[in-house]
């Protein structure tokens, strides 16, 4: 059995976030000056829009922003009583978990194979990274085309195995389609991280397991998977956040939230109510709720990655 | 300035109709019979449509001179209530839903997504905007024609008129006179009979001036392309009533999404039309109330 | 327990041959040290025996089996790596039990073997720690423990002591030797340190540039080196060389000639 793998320092670059070091400066204005640009960017591009959204969520505004009324938490109360909104929560959870699982699972398998590729490795990896550069709406359009019930290539083949594909009518098929499209776009990103994580495992550990009698499958499950678990957890959060926030373009292009409301997830409602329906207050209230969710997820990530997943 | 205005018509696949020995449908009963003939003759589906809220609710109501909402469809002011959740509309939608059996009807998406079903010869009839003329002309693999929307004889004895849909050009304030002069020249150019006639003949949008219609007629366009004046005839079939003049509702984009959602539940067999329409009207009314508060 | 037979072994990476016609018979229970300068092919040879590298040509036999085509897991060997290669996410106990679980030994048997090995290596109190909570020397012992619980036919060591400090290295060297004698398992031990080689091995295989320079007991190698290389490589302090030529009438010093031929100088 030959085992040598190419290895490069990508890992170090990608895994930088695991290595937080604490350094103390003597008190001087220098450190504040050094973080000032970062703070300014955060203020202008994150804090300000976020507080703007929070403020807007307390208003009822007309479509052109001409008249507005301060209504305290009415927009939130309306959401709380809206069964369609509450349903969207569960749907979003299912969607996000499946997108994360599918894209991470695919990336994991690809990384497992890519690790063993020696000739043309760079070419292969570059190819795999391309989808990440595709805009969500374009990705959606691509998948719509491939799965068009009349013209698409996949429905044509699915017909042979007895599947009547029509995601315009069948909610589960529509959900499956947006999940595939959303997951596809994220595979490249996950792949990079998984590859780096796998390459950071010393060969000798894998070899020791081989000598101990573990075949490739068992090595993958009992050695590689546990050792890349910090990456898995990190990616899980990243992918959930992606699925929560960045998929409205795909959904808009593929299903517009239908059929029925089968693919209306929270962020699509924000987008649709805000940008299409121009219900600014309601949309802002929804985005504040999403914001709270992602902050919660990030907090969990930092706590957990820092403490528990270490070995 | 109104621009890109159109109205839904019924497109049909002439080749398929002839092959199935069917004639062009005038009523919904005809549509069903024809759809059956088409499917029996080996077609994948009889009829489909897009923009379902516009075609199957808004225009169905106007075509049969029924109100879609109170207060003259919103033209008489705020505090309107939707009233499209009536027996006539429900019966028609249930009828269509029943046609999914045996593929007499096949649903193909909210907007123009079902266009390929028609142009590729999968469905023999398709109801959607007259403005698909350009796309159909270039894509269609079959000989096609267009005719007026079918009449539901259980609702009315004769059609009223259909309503317009589309876009409008706006000129915004705050610019200087020279720019407005240029803008005016451009709009004059756009609405000149020659340009309008050309736009109308290429795209299927209706001409926005009588002069452009007259010019098209003089050019022999309607004679050499029979059916291309269907939209114009539908729109000017009768003097519009308060029910067929048009619609003015707030948050209407969202209301249409609600109607889309509820109708899809009907096509999928999850709901009957009455329940779906009631739900849509209720959700729509909530959106209307919200709009009124914001616009106050 | 088993003997190992290396016959005309060659290893190439692409068109570069890094091991050339290696021959050697290792007896049952013998402790063989492969020694040579860095890059001479020691690890490659060891890894070929382990099954971690393919054999380009020639044959490796362990016991009565040709193992060229066997997976590492099927060769009934255990290996101690230079960096120990412990499983970082498993406790010491789990590290040692890993191979036994795969071999589907009973829980009781696994526990018994692990406890025994821990006692021999004096790591009993660390059984529930993770490798990162251990010192270098302790990790080294765990790596040994993982090898001995398996009760294999052959032990393979690839510079197992070179990451330890000098004092610990001497201590561990003695312990490894004692352990090997007590267990009587055929062992191959790779090192670049000639002192380690001379004190540990029953016999030494001196490798240089992929060639076996000499294969014999430490005393044989020291007293009758087969080449200048062997002579220069072994012994501390290093041997002195005086270029000379063997002539019909005796030994003439090389000063008369510009180029000295390769000769065996006896000491």
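The letters A, B and C name the chains in turn, as written, and every chain counts its residues from 1.
The criterion applied here is as follows: contacts are C-beta pairs under 8 Å (C-beta built on N, C-alpha and C of every residue); 3 or more make two chains touch, one makes a residue touch a chain.
Everything numeric in this text was worked out from a predicted model, so none of it was measured.
Chemist: If you connect every pair of chains that touch, what shape comes out? Choose line, ring, star, complete or other.
Modeler: Contact map by chain: line.
Chemist: Going by CA means, which chain is nearest the middle of everything shown?
Modeler: Most central by this criterion: A.
Chemist: What's the distance between the Cα centroids of subunit A and subunit B, rounded to whole Å?
Modeler: It comes to 39 Å between the two C-alpha centres.
Chemist: Roughly how many whole angstrom separate the Cα centroids of subunit B and subunit C?
Modeler: 85
Chemist: If you average the Cα atoms of subunit A and of subunit C to get two centres, how far apart are those centres in Å?
Modeler: Chain centroid spacing, subunit A to subunit C, equals 49 Å.
Chemist: Touching at least two other chains at once: which residues of subunit B meet that condition?
Modeler: Residues: none.
Chemist: Could you pull out which subunit A residues touch subunit C in their complex?
Modeler: Interface residues on subunit A, with respect to subunit C: 1-3, 202, 204-205, 207-215, 218, 222-223, 226-227, 229, 311.
Chemist: Could you pull out which subunit A residues touch subunit B in their complex?
Modeler: 60-63, 67-69, 84, 148-151, 166, 168-171, 256-261, 264, 272-273, 276-279, 281-282
Chemist: Please output the residues of subunit B touching subunit A within their complex, sorted ascending.
Modeler: 106-111, 113-114, 116-117, 120, 122, 251, 253-254, 257, 260-262, 264-265, 267-268, 270, 283, 290-291, 293-296
Chemist: So in the complex, which bits of subunit C are touching subunit A?
Modeler: 50-54, 71-73, 77-79, 81-83, 85-89, 98-99, 102-103, 130, 132, 146, 150
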